[in-house]
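Two complexes come next, and they have one chain in common, subunit A, joined by subunit B in the first and subunit C in the second.
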Partner chain A sequence: MGEIRAAFAIARKEIRAFSRYRIAVASTVFTPLYQFIIPAFLFGAAFAVNGRAAGLAATVGTDDLPGFIFFGGLIGGLIGMAFWGVAFSIRMEMDTGTLEATWLTPTHHETVVIGRALGSLFWFAISQVALFAFGIWVLGLRLRLEMLLALPAVLCAILAMVGIAYLLAGIVLLIREANFFVDTANFLFGMLSGTAFPVTLLPGVLQPIAFALPTTYAIDILRVQALGARPLFDPALEYVALVGLTLVSYPIGRWVFGRAEETMRRRGMLAQY
Partner chain B sequence: MTAAPAVETKDLVKVFERGRRTIWQRLRREHDKRERFRAVDGIDLVVEPGEIFGLLGPNGAGKTTTMKMLATLLIPTSGTIRVLGIDPLMRPREVRARLGAMLSGERSLYMKLTGRENLEYFAALYHVPPGETKARIEKVLAAAKLADRADDYVERYSTGMRQRLALARALLPDPPLVVLDEPTVGLDPQASRDLRDRVRELKAQGRTVLLTTHYMEEADQLCDRVAIIDHGRIVALDTPAALKRTIRAEEVVHLEIGLDGDESAVIDRLGRSATVARSERSNGTLTVTAHCASARDFVPAAFDAARSTGTTIHHVEVVPVTLEDVFLALTGRALRE
Partner chain C sequence: MSLLAADLRAFFAAGLKEVRQQRRYPTLFLGQLFWPMLLPAFWVLMGRAYSGNDPQALAAFAERAGSSNVAIFVFVGYAMYNWLSALLWGAGTALRQEQLRGTLEAVFVTPASRLVPLFGPGVGMLLPMAVIFASNFLALRFFFGIFPPIGAVIQAAVIVVLGIPALYAIGALFAASVLRFGEVAPVVQLIRGMFVLACGITFPVAMLPLWAQVWAKILPPTYIVDDIRRILLRGDTIADVAGDVAIVLSLAVVTGILAVAVFRYLEMSARRTGMLGQF
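Right, the complex of A and B next:
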């Protein structure tokens, strides 16, 4: 019970502290808009034939370009949450000196990751509501009731990204160039998951990596349910892969995080700011 | 039955590696050529319940490293530790639940939260029962004299207020043991006095306080016992009064002597009337620190020594014996060097 309360306290602290940086709050909506959604939409529209995304329809079985981009962006936002909202922000706490005080409390250090994930989920939800509203209002995004059938896949992706957040937090606490690592790895992870384009277009050598990521299946299930897109594999099989990879991501992530924590305690890295 | 020590360490050692070992070197299993540095080199310590115990030493002596090992933030290379009878390596969370720690001071606070919000956050992390949280926060805020500023952002606090808030946070779990790392560094004299008063209150409440400092006055005024640390080792451990008695001097005389030639003759002459603890020459001035039984007897002898060696005493200062002099006598160096 104490750990659950601690996790929610960490989330509340994240929400409170972040809400006091107004421009940063606005950037949770504007950054994905100008860095991903608008360029991807314009790029797709430039290749449309008579206003129809014929190439997209031939590749994935739907010509709903806004839907393809926005549902990819939804999972892309989850990926960003794990990379920036959890892993990098824990590193930022280490650099500013507050992580040491947090780690002096009896709360499990793993709970810090969960708490941050909860806080980041709040901002993720806010930004997605704003982005989808923009999509419906400006870009002609249409939502179908069937998309709710993909909710289990989205929830599974959230859990998978928490497992991956453990792994990332373990890595960024130990490396010096955390910003570069998070920026690059976030981009690669999103690209390989198919947030912006179908993973079938990836070079053959990269496809096995794409199929090892839980988010690839979450995006595909979401697009199948919400847009009627053609699935990569049998959807039941995709669910099995998504759940399996989610279950695997937890023990691996927690093991890496635990090792990183021990390394920090052995080398005295916690207070190296 | 006597109570278990609040802190007990035996042959505590912490070795750090300097430099980096690349992944390539690890993969090739190359010999680890990094330089080893013993930050803590065999410390034996027993801190009794209810005392204020000070670790006094210059920067880099190993005080903070010792504190961090006690506070579970660092894993020792070897040796044993018991904090309130608990092994922090085996049961770190139990130690943290009973320990109030202020290690990195004001840096450890969230600047964009108010003082109260900081305490609410840490109360949850210390697992303070929800029903007690509000009262506990009000209590520590009042004790820290921050009740009227509790709803201001911490970024608007002075350094002294932030230090007091950091100490208030450390007291949230109502800990029997409080560890403070350089609690008055960066504070003005008034804020330092306030913080020292708070530390005395903690002792009056029956808590054990373990603090590090490189301010001799702080250790002298606050601590029941002091361990003087240098190069990771305890070089002396006793009450401040007993430590000062070890140098067998009642007074300390600082002399500034102007001279052109060799200083050995005048030092030799001074040494006949007192113990020359330290001498340093800079730009034609020889600065001497001498420990003596009576300055009234030594100062005239010093002027005689100067006259007979053709030198001139420019300045004389007589001060009582301090822990600084103890450190000087033990290591040949000043605390601030």
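Right, the complex of A and C next:
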């Protein structure tokens, strides 16, 4: 019970601290809009024939361009949450010199990661509501009731990303140039998951990596349910793969985080970066 | 030594200082290899998803973009994106960095012209810019097996060189303006976003609403990107784009004058209020 309280307290602190930076809060909506959503929409619309995305329909089985972009972006945002909101924010605490104080509290260190994940989920939800509102209002995004059927897949992806956040937090604590690592790894993870295009278009050598990521299946299931897109595999099999990978990613993440923490304690690295 | 010669020495010293600092952070160069290679490559794959290799979809794209060669179209756009990124994060935040480190006051008490700290750091951006363009061309060659005709590449390089003063001036104007802001990173994102959306970086400018197309016409990167695409994709020559080049050079002069004016105003204001070290 104490750990749950601590997790929510950490989440509250994260939400409060971030809300002090108004421009940074606005950029959680503005940055995905200008970096991905609007350019991707206009790029895709440049291929439209008589107002219909016939090329996209040939590739993925749906001509719903805004839907394809937004549902990919939804899981992309979730990936960004694990990389920046959890892993990198621990590094930020290291930079500001408050990690030692946090580490000395009686709260489990794993709870710190969970608390940050909860705080990031809050901002993720806010930004996604704003982005989807923009999509519906400006880009003609249509939501179907069937998309709710993909909720279990999204929840699974959230759990899997918490596991991956543990793994990343472990790595970030040990390396010195965390910014470049987080930035590039976040981008590659998103692209290899198929946030922007189907993974079948990736070069053959990268496809096995894509199929080892839980988010690949979450995106595909979401697009199948919400847009009626053609699935990569049988959706039942995709669910099995998603649940399996989620179950694996959590303990692996916890183990890596534990090892990283142990290494830091042995080498006295907590204040070094 | 005349005053002008002394200022020129100070100008190149400021550029050299930037290059030295970059050398101390080798991972910055890793980024200059990674992003110009992979970012456009993934957008080319997006183009493949959107086209579905459908001849009609590709014809529709060619009608709007001037060519059906999506790879070169995207890579040229992203060369500009990376150039702008390097510019805004580098020369564009140079004055701000001096402010953060507490060295801006020290720079201001030197006898060098105020134009030196404003324009000097831009020299240091020439090397990263060259690395970015080289990475772009290498990725185009090795990932997609495309290399435009050498004559066209040389002419495109001339357009890039002629575009440097304009981009340089944008960097200086940004550097002077952000001295007033508490948080610079979101401002960089905002300004870069404006360029990305208006200048045809990843999609044809023809896709924008009319008012945005008019806005795009006062931004030098729009002309530079379009001219490079015309030369590489449609076989145009420098003579064909001479009008655009004249506009870009004129905009460079206007932007440069504006940068000096903004910088002078902020400096005067800082002297009166004593806010140079506050941010």
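Note that the second predicted complex is superposed on the first by the 272 of 273 C-alpha atoms of A that agree within 3 Å, B and C clash if a C-alpha of one lies under 4 Å from a C-alpha of the other, contacts with A are read in each partner's own complex, and residues count from 1 in each chain.
Note that in this section a residue touches a chain if its C-beta (ideal position, glycine included) is under 8 Å from a C-beta of that chain, and two chains touch if they have at least 3 such contacts.
Computed from a predicted structure; not experimentally measured.
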Subunit B and subunit C placed together on subunit A: clash or fit? fit
Quick check on the superposed pair: does A:Pro251 touch subunit B, subunit C, both, or neither? Answer first, second, both or neither. neither
Practice task
With the two complexes superposed on chain A, say which partner A:Arg5 touches: subunit B (first), subunit C (second), both, or neither.
Solution key: first
Figure out whether A:Pro39 sits in contact with subunit B (first) or subunit C (second), or with both, or with neither. second
Looking at the overlay, does A:Phe180 come into contact with subunit B only (first), subunit C only (second), both, or neither? second
Partner touching more residues of subunit A, subunit B vs subunit C, is chain C
Margin query: Quick one: is A:Gly140 in contact with subunit B, with subunit C, with both, or with neither? Answer first, second, both or neither.
Written below: neither
*So, does A:Tyr21 touch the first partner subunit B, the second partner subunit C, both, or neither?*
both
Practice item. May I ask you to decide whether A:Thr105 touches subunit B, subunit C, both, or neither, giving the answer as first, second, both or neither? Key: first
- In the superposed arrangement, does A:Gly268 touch subunit B (first), subunit C (second), both or neither? first
In the overlay, answer first, second, both or neither for which of subunit B and subunit C A:Thr31 touches.
second
Overlay on A puts the nearest Cα atoms of subunit B and subunit C apart, in Å, by 14
Dual-contact residues of subunit A (subunit B, subunit C) 21
Subunit C residues touching subunit A in their complex are 27, 30-31, 34, 38-39, 42-43, 45-54, 56-58, 60-61, 64-65, 183, 185-187, 189-190, 192-194, 196-197, 201-204, 207-208
In the complex, the residues of subunit A that touch subunit C are 21, 23-24, 26-27, 30-31, 33-35, 38-40, 42-49, 53-60, 65, 177, 180, 183-184, 187-188, 191, 196-198, 201-202
Per the touch rule, the subunit B residues reaching subunit A in their complex are 14, 16-17, 65, 68, 71-75, 93-94, 96-97, 99, 101, 103-104, 107-110, 112-113, 117, 120-122, 124-127, 130, 166, 169, 173
The subunit A residues in contact with subunit B across the complex are 2, 5-6, 8-10, 12-13, 16-17, 20-21, 96-98, 100-108, 262, 265-268, 270-271, 273
